[in-house]
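Below you'll find the structure, written out as structure tokens, and then a few comments.
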Amino acid sequence: MKINSYRDWYWHILLLLAVVIQLWPLLFMLSTSFKTMDQIFLSTLNPLPAKPVIDNYLYVLKNLPLVQYIVNTLLIASSITLAKIITSILAGFAFVYYEFSHKEKLFNTLLLTFFIPITVVMMPNYLLISKLGLLNTPWGVILPQLADGMGIFLMRQSMRNIPKPLLEAGRLENASPWVILTRIILPLIKPSVIAMGIVFFINSWNDYFWPLLILHDKPTYTLPLALQMFISAEGGSEWGIAMAVAMLTALPPLLLYLTCQRFIMNTFMQSGVKG
Amino acid sequence: MNRFTWQSALFLAPAAITLLLFAYWPLLQDVWLSFHSWNMVSPTMKFVGLQNYLQLLSSDELIKILLNTVLYILVLVCVNFIFPYLLSFIIAHRLNRFSFFYRSALFIPSTVSLAVASILFLWILNPLAGPLNIILSAIGLESPRWFKESGLVIIVIGLIIGWKVFGYNLILLVAAMVDVPKELIEAARLENVSNWQLFRRIIVPMTSSTALYVFVITVVFGLQYVLVPVNMLTQGGPDQGSSNLVYIVYQYGFVFFQTGKASAFAILTMLIYALFLIVKTKVLDKKVHYEN
Amino acid sequence: MGHCHGSRHAYCPTTPLIIPNLPTFYYEYLYAIWGERIDELMNGIIFENVCKSYGETAVVKDLNMAIQEGERLILLGPSGCGKTTTLRMVAGLENITAGTLKMGGQVVNTVEPGARNIAMVFQNYALYPHMTIWENITFGLFIQKIPIEEIKARTKQALEILNLSGYEQRKPNELSGGQKQRVALCRSLVKQAPYFLLDEPLSNLDAQLRLQARTELVKIHNLYRPTFIYVTHDQVEAMTVGQRIAIMNQGALQQLDTPDVIYQRPANTFVASFIGSPPMNLLQGAFRDGALWIAGSRVNPPTKWHTLLAEHQELWIGIRPEQCCLSDTPMLHGQIEFVEHLGSQRCIHLRLHQNGQRLLCMLPADQPIPTGTVGVSFSWQHVNGFDGHVGKNIGLPNRISHNYAC
Amino acid sequence: MGHCHGSRHAYCPTTPLIIPNLPTFYYEYLYAIWGERIDELMNGIIFENVCKSYGETAVVKDLNMAIQEGERLILLGPSGCGKTTTLRMVAGLENITAGTLKMGGQVVNTVEPGARNIAMVFQNYALYPHMTIWENITFGLFIQKIPIEEIKARTKQALEILNLSGYEQRKPNELSGGQKQRVALCRSLVKQAPYFLLDEPLSNLDAQLRLQARTELVKIHNLYRPTFIYVTHDQVEAMTVGQRIAIMNQGALQQLDTPDVIYQRPANTFVASFIGSPPMNLLQGAFRDGALWIAGSRVNPPTKWHTLLAEHQELWIGIRPEQCCLSDTPMLHGQIEFVEHLGSQRCIHLRLHQNGQRLLCMLPADQPIPTGTVGVSFSWQHVNGFDGHVGKNIGLPNRISHNYAC
Amino acid sequence: ALGCGSSQNASSKTPSKVMIEYWHVNAESFGGPSVKQLVEQFNKENPDIEVVEKYNPDMYKGLTQNLQAAMASGKNPDVVQMGYSYLNYAGENLKYASIPDIITKLSPEDNTYLKDNFLPNVLSLATTDDGKQIGLPYSVSVPVLYYNPDVFKQAGLDPSQPPRTWQEVTQYAKTIKEKTGIMGFFMQEYADNWAQQALIESNGGQILAKKDGRTMAGFDTPEASEAYQVLADMVKNGHGLHATNEEAFQAFLSGKLGMVCTTIGKRDNFEKSAKFTVMATQFPSFEGKTRKLPAGGNLLMIFSQDPDKQKAAWRFVKFLESPGALALWSKGTGYLPPRKGVTEDPQGLKDFAEQNKNMQVAMSQMPEVVKWASFPGANGLQAEQALIDVRDIILSGKQSAADALKQAAAKINSLL
């Protein structure tokens, strides 16, 4: 549809600038994590350390139970993701498939939860979790995040987009709601589910604040919490090491994204994690 | 379609129970706590009536906090809404090639945690040794003390969060842009419209529902995100310069251990949110073009 | 508007319905199969005062209609007239606001769709895009827990009949429109349900494919003769596929009859102008002084018409364009406005002198067409008269108006 | 496939093109307006070896075609044949892979669409859903900075012509399909552009509306006679709206001629079987021993055909169904398979004896139809012969094959 | 309840083993390894006790938060490092086990332990305003002035003649900035007022004042504002730095900053990370006035409720306070030992103190140590924050020190 393609060079310059702004800090993080303390200060800007060293990483691996942290984070992030996906699908289905009184009101009530800022519910939830004796356990982190108003909204949206006749064809076959959900709806909204799952996963992998309140025991830490040990106020900042931990924290979601980049982009574009 | 309410209740239960228990119940508790003076551990809770609210409303920090919050939101709206909106138009409708590359490259920071981003920028923005300072001094500028100037600090925190969230919002907007029927744009091209007219008269109205959504999440998520960098980098300082509606609740609750005041702030925050939502549904929704 | 024709008949649910309007060959067919399947004749569908409203708006109004077992019935009408709604009420996908719907002698108003034993072909096929053709077709059978052997046998047979063998492992989006449509048919076919509902199954196909699909549909029906309700707004489809056609408008049944009767003797002006392309010419006329006055011209009807016409004074006279001819002894005079070429024929658009009414006239392509003013005449044999006020067909003179009057 | 017919003519861009195939009345019209508008006659469109490929696949192949200023040209062809692509190349929305496109005597290959002065009606109307009807219509005029008085005047006039007055303040989704289509027309109309492109503008309308819209389109064209390119895959539309029809298949132009010629004398077997519903019967034949052998029957052509037929030996003989008649002295014999009722006519499906070829025969609805074996005959006057290998029309005997041969 | 099964299992193997938890704030880069080493050593020497160490992020603030939470859910740690600034808050709000009580009840043989081993002024660091000995002083830090000799040389200053008074500091900073373009001076800006207290009180001001038995803000005096103004002027004139700690320390370590006034607790980290020889000198004084240096660091508190655990906790505390352990602790961090005799003890710090000049500097300031002001009452922490905010106001030059301190005093008095 565009005829004179050679004319858009100025757009490319603008966009490349944006790309540089977005990627430079990450590149910087990567290169700093391979620098010695000297190099960090002497050749701050040089993205390629003269002699890349992996000392920082070795230090981290030696001094941190990194595998433990990764397992913790993975456990928490994937439980939350899975739980949110399941509850969202079930609730979304109920809102699409069934007719009951006050449906819209109930839906809005659930959706509104996504507007509630975390600090507002932080204190009571913290007290509740501590009463339940779940402080310092992954369950304390997971429990309040089993459902997500946004997820319900997204699932209802994508289920609504399924042509009604498909569901009706199922009903004519005398299929139970469960069969309709699992055999017809789920395969159809798979891309949306996956896109939503990826967003949930990245968010809970990176979650910092709630775990910070709940997890105090070093062995229960998640990666972002481990990260902050390295910039602890009185200890001074070992930047190489901090960047190494930052890299290690950022790496799993980054790899997840880079490997299925095309898929993620496409599902985002089609299913649109959007309103 | 179907009227089996008990069946639907079964499907709804997991989500509804979780959300009621961990979102609405706490809200009620906040109300209760806000009428008390308590430090979270002592066995006795003192009922103080409206005192917490009165103190809160009469303190001069309230104005500061509200101003900071507004300033922060403005920065976010620029960086995470207006700017991506323009770029998404270019990516979706003004490029022949490489649009996939731009989309996926710009998205990458979204995968990074805010904790990582905070540390990263703490280093990058170091006013003496940081790389940005080196660049600035190379062109003869002196680096401001990013995290120590009231007014500047909240903007910088907004920019850090903006950096992280930018790509995600961009993708949402590009998706909406791409959904604008090709024919509409072609019809406009036949009229010889300029890029700006096309954007202003066709694209904006056609994408307004997604744009509104992105605007709302920019504000709502933005206020969730702000906690991490403020807590890691400034603790609300300098002189409450980076404190805001959301952080102040944390500060009173978990730093000063004044549960009552924290809850009062929480309720205030909630009220302001409610106001925002009302404005959104009553005013903005009316101006938006919805497909269906 | 809004009058029901030809369907308020007494019937006895245990004996086969005999609907007076059915053409003879249909009775022959019914009798021919009664011998073996007399117990299954129960699979008729009866609407009794069925109404459907969405909120305030009535979408189907007081519908009375009996559909015979094994019959091919077409629901025809303009867009939005309530065809789909009617069909969906039969399927149980839409609940009935008032009245009763009986299927196989049982009131089914509250029966779940899955329990009604219905096969349905949706307008856009509603194939499950994530399943292969094979899975699409067998999905329902597996849910019904039919033995796998049986499933295989039925599916194979159906695939063969519809010429789909070899496509089993494809996904729907790897098929052309026509193939998809056949798969949807196939899926319904294997159910071997006694009721077969189709909602504009051909509307997405192009002209050539549609032609082909029509004959296929009839073939399929003949395979095991389910009760067949077919929704369309395409007249040609209705005419070629239907044994009887129910014409609806704004939620009300207008006429229920065989294609021939509907074409030749429309029950009211709506049907007259809806059926036929180009539609029937409707000329305003008045019977005065023993003669019919159309557009200021005096037309003399045969005497046997006189009494009938005299009953109505204000009239609409309906003549199909192809029954008009240019004539030297014309009954009407008009000016040629323009001529449309339709291949084998030409359609002449005339404007009558005096009152300026329009008249279409279909002529063979090779007949020379004069320019300017022409004279038109028609034979009274093909004329329909409609009451000027209510639009009802006034019937034919001197005959018992047995098969088209209301 | 893929041969171009009837359009490689020399032309001189500064003097009006004279295309030999145009019917006389068209020349009359051209001469009638030359007097006043001779300078505007430049607004013709000329394709010179235009090709369009998407990657490897050629979608439009070596197109040569000259469209006269003020002419109504129809692009007709099956789905996917490249009609839309051709139209979009004219509009500048698609760039041209090879060849030159000239508009008004200028090569426009790289001219921006906005600079081509084109009005276009899109298939799905492409109305801006967020603007009122008024805003939709005037949007382009405001962009062109036309004075507000002028805009108001033009728009009011256009709205009146199209019967849309009173709808100005509605949004598109508050209109019916037919109204939307009229708004789209209106929006193009007010531009008063010298080129008017329409991409299947009626395909979303139902039969009645379509009928009405066709006449409206012709009226609009007559208002100020822009160069009019109209894409459709509906023959009836093509026949009724078009002054000339360009038939395309698989990216290649098949025939460019008046509706009559295309219907009566199709340039090749593709056109023969594409035009007409039901399409022309094509019977395999061979000329041997001074006679034509069709389906094992000996048919004697008039002697003037002999030399022509003898050149080709293997032949397709094309006869339109409505030119066949049942006869006591038949040329061919067949078995009636089934009969379709089409209202005023019936379509008889025959299977010929001997080689089992199908033959359709259209008879008036009132002619009685025998059952079983029947005899069919046709007049040689209506017969077309096609080469058995390349499918080209072999022309008529003893006449200069001036207006339908390739 | 969840852990019940497993701990039963463990105790059946070694029936008499007591488990106690030790909470600290020592991150990896801040003495964390030393803590680990100490705990390991203790566990080895005391097979009947198992100490589990637990790091608490976010310094004493974070630790206090966690402590509150743990106590709310009834899961106390046993031994805790409590920041001196939380002294009053802890004494008033937390349910601790007082050390003298434990000694009298459970370990009478240690009757004279406190008197024998601690200087009274040091012991009082762990005494609340109302005179309760709530814990034992453990880490003691004092502010010192670190400087970069290379920068000094570049600026033409003599590294062996570091500034002794604030006047000199101002001058030096100015010289450095003018000669080299490098920033001259930085005083730590943690989320506390520790270093600033040293500044104010060394000029004869005070943070807290007792009036009519009530504790009030005492810093709205000319002495206090004069001292503070010294800092503010340096920042205003562009040779003093106003930045976050992390930023300033990075700058110092990378040679972009001449002098840093901060805790001796940073010594080990500075010495290890800097690419130059870090030198320290005494906290500068005001001409003719005596220095008063608040003790930073932490005291050890016991929170066990169970007598067995209390006993074990006490033994662990005693271990941590033993000369050997303190020596290791000092070396690993830079903190000064709180008890008598460690520096002279050859098992202790003797060798190290002789080698490390910087350590000597710090130790020489020990007699000038005073108590770190701690705001009392439920709003104490908020009052502390108000004073921290004042620092930002003054240093950013928005208000003069005098005005800002006056306003803050009013606010704090209303809070108290």
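Order of writing sets the labels: A, B, C, D and E. Residues in every chain begin at 1.
Assume contacts are C-beta pairs under 8 Å (C-beta built on N, C-alpha and C of every residue); 3 or more make two chains touch, one makes a residue touch a chain.
If you're wondering where the values come from, they're calculated on a predicted model, not measured in any experiment.
**Student:** Taking CA centroids for every chain, report which one is farthest away from chain C.
**Tutor:** E
**Student:** Could you tell me which pair, A-E or A-B, is linked by more C-beta pairs in contact?
**Tutor:** Between the two chain pairs, A-B has more contacting C-beta pairs.
**Student:** How many angstrom between the C-alpha centroids of chain C and chain A?
**Tutor:** Chain centroid spacing, chain A to chain C, equals 57 Å.
**Student:** Roughly how far is chain A from chain E, centre to centre by C-alpha average, rounded to an integer in Å?
**Tutor:** About 39 Å separates the centre of chain A from that of chain E.
**Student:** Report the inter-centroid distance (CA atoms only) between chain B and chain E in whole Å.
**Tutor:** 37
**Student:** If I count partner chains per residue in chain C, which residues reach a count of at least 2?
**Tutor:** 93
**Student:** For chain B, jot down the residues that touch at least 2 other chains.
**Tutor:** Residues 1, 40, 122-123, 129-130, 186, 189, 254 of chain B each touch two or more of the other chains.
**Student:** By the touch rule stated above, which residues of chain A touch at least two different other chains?
**Tutor:** 1, 41, 127, 212, 225, 228, 230-231, 237, 239
**Student:** Mind listing the chain B positions that touch chain E in their complex?
**Tutor:** Contacts found on chain B: 37, 39-42, 122-123, 126-130, 145, 147-150, 233-235, 237-241, 251-252, 254-258.
**Student:** With touch defined as at the start, can you tell me which chain C residues reach chain A in the complex?
**Tutor:** 91, 93, 112-116, 118-120, 122-124, 126, 128-131, 139-140, 143-144, 191
**Student:** In the complex, go through chain A and note every residue touching chain B.
**Tutor:** It is residues 1-2, 5, 8, 11-12, 14-15, 18-19, 21-23, 25-26, 28-29, 32, 41, 44-45, 86-88, 90-91, 93-95, 97-100, 106, 109-110, 112-125, 127-128, 143-147, 149, 152, 167, 177, 202, 205-209, 212-213, 223-225, 227-228, 230-231, 237, 239, 242-243, 246, 249-250, 253-254, 256-258, 261-262, 265, 268-270, 272-275 of chain A that touch chain B.
**Student:** What residues on chain E touch chain B, complex-wise?
**Tutor:** These residues of chain E touch chain B: 61, 64-65, 68-69, 71-72, 93-94, 183, 191, 241-244, 246-248, 250-251, 254, 256-257, 378-379, 381-382, 385, 388-393, 395-396, 398.
**Student:** State the interface residues of chain C toward chain D in the complex, per the touch definition above.
**Tutor:** For chain C paired with chain D, touching residues are 78-79, 206-208, 211, 215, 233-236, 239-240, 259-260, 263, 274-279, 320, 322, 338, 340-345, 362, 364-365.
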